[in-house]
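Each of the next two complexes has subunit A plus one more chain, namely subunit B in the first and subunit C in the second.
Right after this comes the complex of A and B.
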């Protein structure tokens, strides 16, 4: 352990001040479920760390038609809310009880695949992120925040402070394939949200996890669904497009080959769950 | 940076320790306080053998800088073990043969304690869900689930006749 200073700011202004003072040398940590293993192993050797557990960023509340999730709200808090069922499902399928008590929603957005599943649900829900600095706040869509493998739009003096999620009534589907039933990184994660108008798909979101450098939207597949009644051909076309458009990789959880096959299958299953008149859990 | 003094509640006593920055709760418990029931397994948050309760909720002490628990209530296996005999959960683990090497047992017992505090009559599914973060390489888990069932029964005083 080589950490020379561990700062625990008690407020956001204090945290932003420390960030401005120390710059990128200051490792920002929230729940510690990603940073601490690296520090324990000596893989990450930060001189100074800022812990956000006491910074007062852990609120989770419904304001009108939005769910406002403080960046350090835990995955357990996400599991216990009922405003957005898909987020409950995403939390339930992430890690274990102890890890959910520690890991945060904001931290999950910095967790590289095959982790970081909450981002998959948040992408399908059109979530936005609020980035704060002593220069002021800015809000941008999560889809624009995630830019590459462990890369994002966050500037050196900024902190992710809040995630905003529109609360809508549309049916959603969230499926995660892992190597076991729970507490597993993803082979593939699929989150789908459809807007309907006169029995046709008016808008679609299909988000994928563990098949790209970060959680991604399958935009071509989304576009193919618009105007359809979600008939079998449309589902097959969307599943194919999602398969073509993603970048699966090989790691200790799965091979690229297997992930590529599972993407299409799980996109299809998710869409079938949302097909009118179809029973959930079809093949 | 110089060491700092951190105090927290441990079981029924207040403890004060002097630590280097970001010393883990696990290291404080084992190395400074000599409380070795909390195990030092993977230090990655992957095995659950270092599980303790912080304000009654299970957390992994290997991932927790001790500064983060300042002023909080930490419960370890030592905290719940009575001066004489065993806690009902420990008794149930013994009776159900829910341990062989015993390395995972303190973590298993602490998660089980948190589960039964939240839900005195958990379903089998709840038990499995609660224990997913704790790895056992000996038992195959079935005796552990059985032990939690028995503990639930014993602690509710109805001799194991719990709703499944």
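Right after this comes the complex of A and C.
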């Protein structure tokens, strides 16, 4: 049998109480863009569903030098903010208008690849996630939250309630390759953020989507860039390391072989966008 | 559905093999495992709950060790049974020791039935692979943090054939 109870908590404490009461059999739903097709097709047969849309978790506000994004803020809200341009770009490249009106930023972190393009940008931005339970809150770097294909650090009694993003002024690059210009799953997604000190790269973040069990950081490629002036050789070495370090897969969108080729190409293009002299002005 | 892989941990082979056969150790290591008990010489029953994006469910599980050559090799068969379908499969694993480290190589094959079978094969394989990797990471953390006393390594015992 399918859904017998639909619960719509009006606050976070109420939501956490329901989760504690029902345990792991309770299906938690935010925008429903992942869960509803599974329920409609009879693949998912939950007896109880908790919708989070009225739980007051949809805030999106700038507090000092951080952007605080409520877990159920929609992708459309993310598209309409201007504190972090890379997140606007990530939202614009995710799905269609109608899906962005329903889909949430928190939910996007649970979407299996090749979905979950927002997580790629959030990884490059050093985002953190706040997990709440009746035991209290804990904050984790997003990089530690994602642990495997549809697996993460969320405990049975926890809800993801907020995503925190440091607001910085450095130029960033976000590139997504799909089979169409819009509303398309990724062949590969690349997000890059560089910190500069005296014309040399002081720190680097390169995040990749659709080429691993979840959005991943290309840590070897990042390390190769530090101390360089982003000269062509450094870019080539980083692109090569990203190509070697990823775990692409074959699906209806692309083959493993093509994804691996495109990782190198798109890491190179993203880095070239950020090369001094050709920088496109910090979009 | 096929999965295979390899994982190296800083623990002696005998300790790794012992943990794989110890219900208490498995309870803390298998992702989502809520209960497990040994019901025969080489048979275990348990309950695993999975909270996945869009899908929740509790599965009863039975695992039988079909063949074992401690601490080097094991072959097992298992079944997961829940409201969303069944997963039945067989797997083999080999443990090789190098210094104070042990590498486990595993290979498994499973058939999915029921509503779960309509999921894209890549999803089932990706998920199963992730669960195994997470379980092995948990196992290394457990063994590396708390090495069992007197875990002698390398002693070969005769192959044991267990009737199904």
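By definition in this document, the second predicted complex is superposed on the first by the 277 of 283 C-alpha atoms of A that agree within 3 Å, B and C clash if a C-alpha of one lies under 4 Å from a C-alpha of the other, contacts with A are read in each partner's own complex, and residues count from 1 in each chain.
As a convention for this text, a residue touches a chain if its C-beta (ideal position, glycine included) is under 8 Å from a C-beta of that chain, and two chains touch if they have at least 3 such contacts.
Please read these numbers as outputs of a predicted model, since none were measured by experiment.
> In the superposed model built on subunit A, check whether subunit B and subunit C fit or clash.
Once subunit A is superposed (C-alpha atoms), there is room for both subunit B and subunit C without a clash.
> With both complexes superposed on chain A, which partner does A:255 reach: first (subunit B), second (subunit C), both or neither?
Touch partners of A:255: none, neither subunit B nor subunit C.
> Could you say whether A:41 touches subunit B, subunit C, both of them, or neither, answering first, second, both or neither?
So A:41 meets both subunit B and subunit C here.
> Applying the document's definition of touch, where does A:80 land relative to subunit B and subunit C: first, second, both, or neither?
A:80 contacts neither subunit B nor subunit C.
> Identify the partner contact of A:6: answer first if only subunit B is touched, second if only subunit C is, both if each is, neither if none is.
first
> Under the stated touch criterion, which partner chain does A:134 make contact with: subunit B (first), subunit C (second), both, or neither?
The answer is neither, since A:134 touches no partner chain.
> Kindly classify A:229 by the partners it touches after superposition: subunit B alone (first), subunit C alone (second), both, or neither?
A:229 sits against neither subunit B nor subunit C.
> According to the stated criteria, A:156 is in contact with first (subunit B), second (subunit C), both, or neither; which is it?
second
> Once superposed, minimum distance in angstrom between C-alpha atoms of subunit B and those of subunit C?
Subunit B and subunit C, overlaid via chain A, are at closest 12 Å apart by C-alpha.
> Can you list the residues of subunit A that touch subunit B in one structure and subunit C in the other?
39, 41
> Quick check: in the complex, which residue numbers of subunit C touch subunit A?
31-32, 49-58, 83-84, 115-116, 118-120, 122-123, 126-127, 129-131, 133-134
> Under the definition above, what is the set of subunit B residues touching subunit A in their complex?
For subunit B paired with subunit A, touching residues are 1, 20-24, 43-46, 48, 51, 54, 57-60, 62-65, 67-68, 111, 114, 128-130, 132-134.
> Quick check: in the complex, which residue numbers of subunit A touch subunit C?
That would be residues 23-27, 29, 34-35, 38-39, 41-46, 107, 110-112, 147-151, 154, 156, 213, 249-251 of subunit A.
> Give every residue of subunit A touching subunit B within the complex, in rising order.
Those in contact with subunit B are residues 1, 3-6, 8, 31-33, 36-37, 39-41, 49, 51, 53-54, 76, 95-99, 101-102, 181-183.
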